[in-house]
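Everything on this sheet refers to the single structure shown next.
Note that the chains take the letters A, B and C in the order they are written out, and that residue 1 is the start of every chain.
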Amino acid sequence: MSDEEFQADILSVSERMAAEALIVEVEGYEGPLDLLLTLSRTQKVDLRQISVLALAEQYLGFIEKARHLRIELAADYLVMAAWLAFLKSRLLLPPDPSEEGPSGEELAAHLAFQLERLQAMRDVAAKLMARDQKGRDFFVRGQVEVVERRRRITYTATLLDLMQGYARIRTRDEFRPFVMDRDSVMTLEEALDRMRGLIGFAGDWTDIMSYMPEGWETDPVRRRSATAANFAASLELAKAGAIEIRQGETFAPIQIRRKPND
Amino acid sequence: MTDDADTTETEIEESLFEAPPMGEQERMVEAVLFASAEPVTVAELTARMPHGSDPSEALVHLRKRYEGRGVNVVRVGDAYAIRTASDLGYLMQKETVEQKKLSRAAIETLAIIAYHQPVTRAEIEEIRGVSVSRGTVDQLIEMEWIRFGRRRMSPGRPVTFVVTQGFLDHFGLESARDLPGLKELRSAGLLESRPAPDAGVGEEESDDDDEGQSELFEE
Amino acid sequence: MTDDADTTETEIEESLFEAPPMGEQERMVEAVLFASAEPVTVAELTARMPHGSDPSEALVHLRKRYEGRGVNVVRVGDAYAIRTASDLGYLMQKETVEQKKLSRAAIETLAIIAYHQPVTRAEIEEIRGVSVSRGTVDQLIEMEWIRFGRRRMSPGRPVTFVVTQGFLDHFGLESARDLPGLKELRSAGLLESRPAPDAGVGEEESDDDDEGQSELFEE
């Protein structure tokens, strides 16, 4: 890895600017796959010829830099890093015949496929939006014909009306039609769902705070709710035997990891 | 669609000063009259069309073109509009239909029937917590969104209600089973509230039973 | 231009029993399509026109007649509509509808639904690598560009999403088969649901019914 310069204790102005650029970039990505796709472009080859090994190293280098710069990365970025480190070792080490599961090549091929597919969907999305659009490039009849001859009343309702009507009854008085005020609340269920998904990837002890969903760490209300929910979810998962929890001392970071299988 | 793809530099330059050919002007008038919500005056056409255009002449051509067609270019005061040929007015009966939003009571009744069919009137009232007026059910039957199902084999043999094919067509559903359950409504952001304290019930309708919507009311 | 202005008494009498001449049918289709802002299905045309009419054939003539004109007859799914020629859009500033700005997430989600339909929420998330935010799906449903499709016959029977006729209409597509680049994507294998080699997180329901974007829309 060629990032010795970031190890330096004193950062030069240009390095600080680079660091800031990095922060902006991390925030600009829609998750690790998006970041990987961007990194893959620096290889300047067709996505079909991409070197997944090189890509894994690029990604790990990127994460490493971010760590050095003390940028707080969302959990899914760290999860991806752990997985890519694992993939890298699989790709580099000679295959162990006793080992279960798919080969490094298979995993790499699937990652390449995911990247190619995501890129393809972005391309067609752009093509779609570039098409002529109704109300912008072509137009409908402005004067819909009204003939006052036979007037019949029909009643209509949309699927949304129907579903909301049903929800209104089933949730009785509690129901309020689509409001945003629970936006900043993370429920235990949501936290559990999230953590169950992520914990499978996390290799080693990770700070529970790194499981904060993206965008939630800045707003104090959201941060508080997510922290509480994540903590409660960790307890649940520990109770279920899925993870282990530790804390060095009072007020030290709470760390969790997946319970080793054996 | 673009006809004149390879106009030369000079032609483009000229077109800045010359009016487009009459055939093009006619197309422009046609499109504007079609898309406009109100009859359009010649002055307005002139303002909208490229400099040097002659909408009056284009209108003469266009009116001629639509003579005897299913729609005609007609003069309304000092403006122009495209209108259905008067002899075809009878085809427009469907366009005179007036649409009204279904009442809340009717929507709720319909929703209960869709989610719980076959369901009796008493059951609908139990779920809604209020009585169902005769008019509401009649209205839904008249709209052909619900119909009578099989009679329930319980005392009094009450009739049940089910939704119709017309209902499915209207709401773009393949079957009533494709209606999303509460959980899915919530995750799609269509409702926000928690289930009421008494409602562990609300979630059960990710039905694995293949017949009927739910067994809730089966005896 | 008028073809059959002076039909005789006897001809009118006959027309009570026979379908009207094709020229007349074309006029009728023309009038109905002009009168409606929404696409009209062939079935609806048949229902509105005199018994024995063949709107499909009349449509062939009508489409030809409007080729290259200021307004065109376009196909939208199994329906037809008249729309202004898109090269004349610049004349229509007054009619231009303010387009809701869609987020990148919404645009990508829409594209994934269009190209992979019927597709579940989990599959969309798998492709994008991030979860689909609340509100994104909601917004697309509200715009009437997507709707619920058939439930997937896999564990949990998740709901699927498909695009609507309104989507096709908005983007000037005859059918979902005409999506730009669809063929290339399919031959590159990018529309297959390919399970991850490990039973990794969230991948499991790339179920085996590999219908994908091929046998859709035959409703």
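Methods note: a residue touches a chain if its C-beta (ideal position, glycine included) is under 8 Å from a C-beta of that chain, and two chains touch if they have at least 3 such contacts.
In UniProt terms, the chains line up like this: A = Segregation and condensation protein A; B, C = SMC-Scp complex subunit ScpB.
Just so it is clear, the structure is predicted and the values come from calculations on it, not from any experiment.
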Centroid-based (C-alpha) most distant chain relative to chain C: A
Per-chain Cα centre nearest the global Cα centre, belonging to chain: C
For chain A paired with chain C, centre-to-centre distance based on mean C-alpha positions, whole Å: 32
Between chain A and chain B, centroid-to-centroid distance (C-alpha), Å: 37
Chain B and chain C, separation of their C-alpha mean positions in angstrom: 14
Multi-partner residues of chain B (at least 2 other chains): 31, 34-37, 82, 84, 92-93, 95, 172-173, 179-180, 189-190
Junction residues of chain A, two or more chains touched: 139-142, 144-145, 159-160, 178
Parts of chain B lying in touch with chain A, wherever the complex brings them together: 31, 34-38, 81-84, 89-90, 92-93, 95-102, 104, 106-108, 110-112, 114-115, 127-129, 139, 143, 171-173, 179-180, 182, 185, 189-196, 198-199, 201-202
Parts of chain A lying in touch with chain C, wherever the complex brings them together: 30-34, 101-102, 106-107, 109-110, 113-114, 116-118, 120-125, 127-129, 131-142, 144-145, 159-160, 178, 197-198, 200-201
Chain B to chain C touching residues, read off their complex: 1-3, 26-32, 34-37, 48-49, 64-65, 67-71, 82, 84-85, 88, 91-95, 172-175, 177-180, 184, 187-190, 206, 208
Chain A residues within the chain B interface of the complex: 139-182
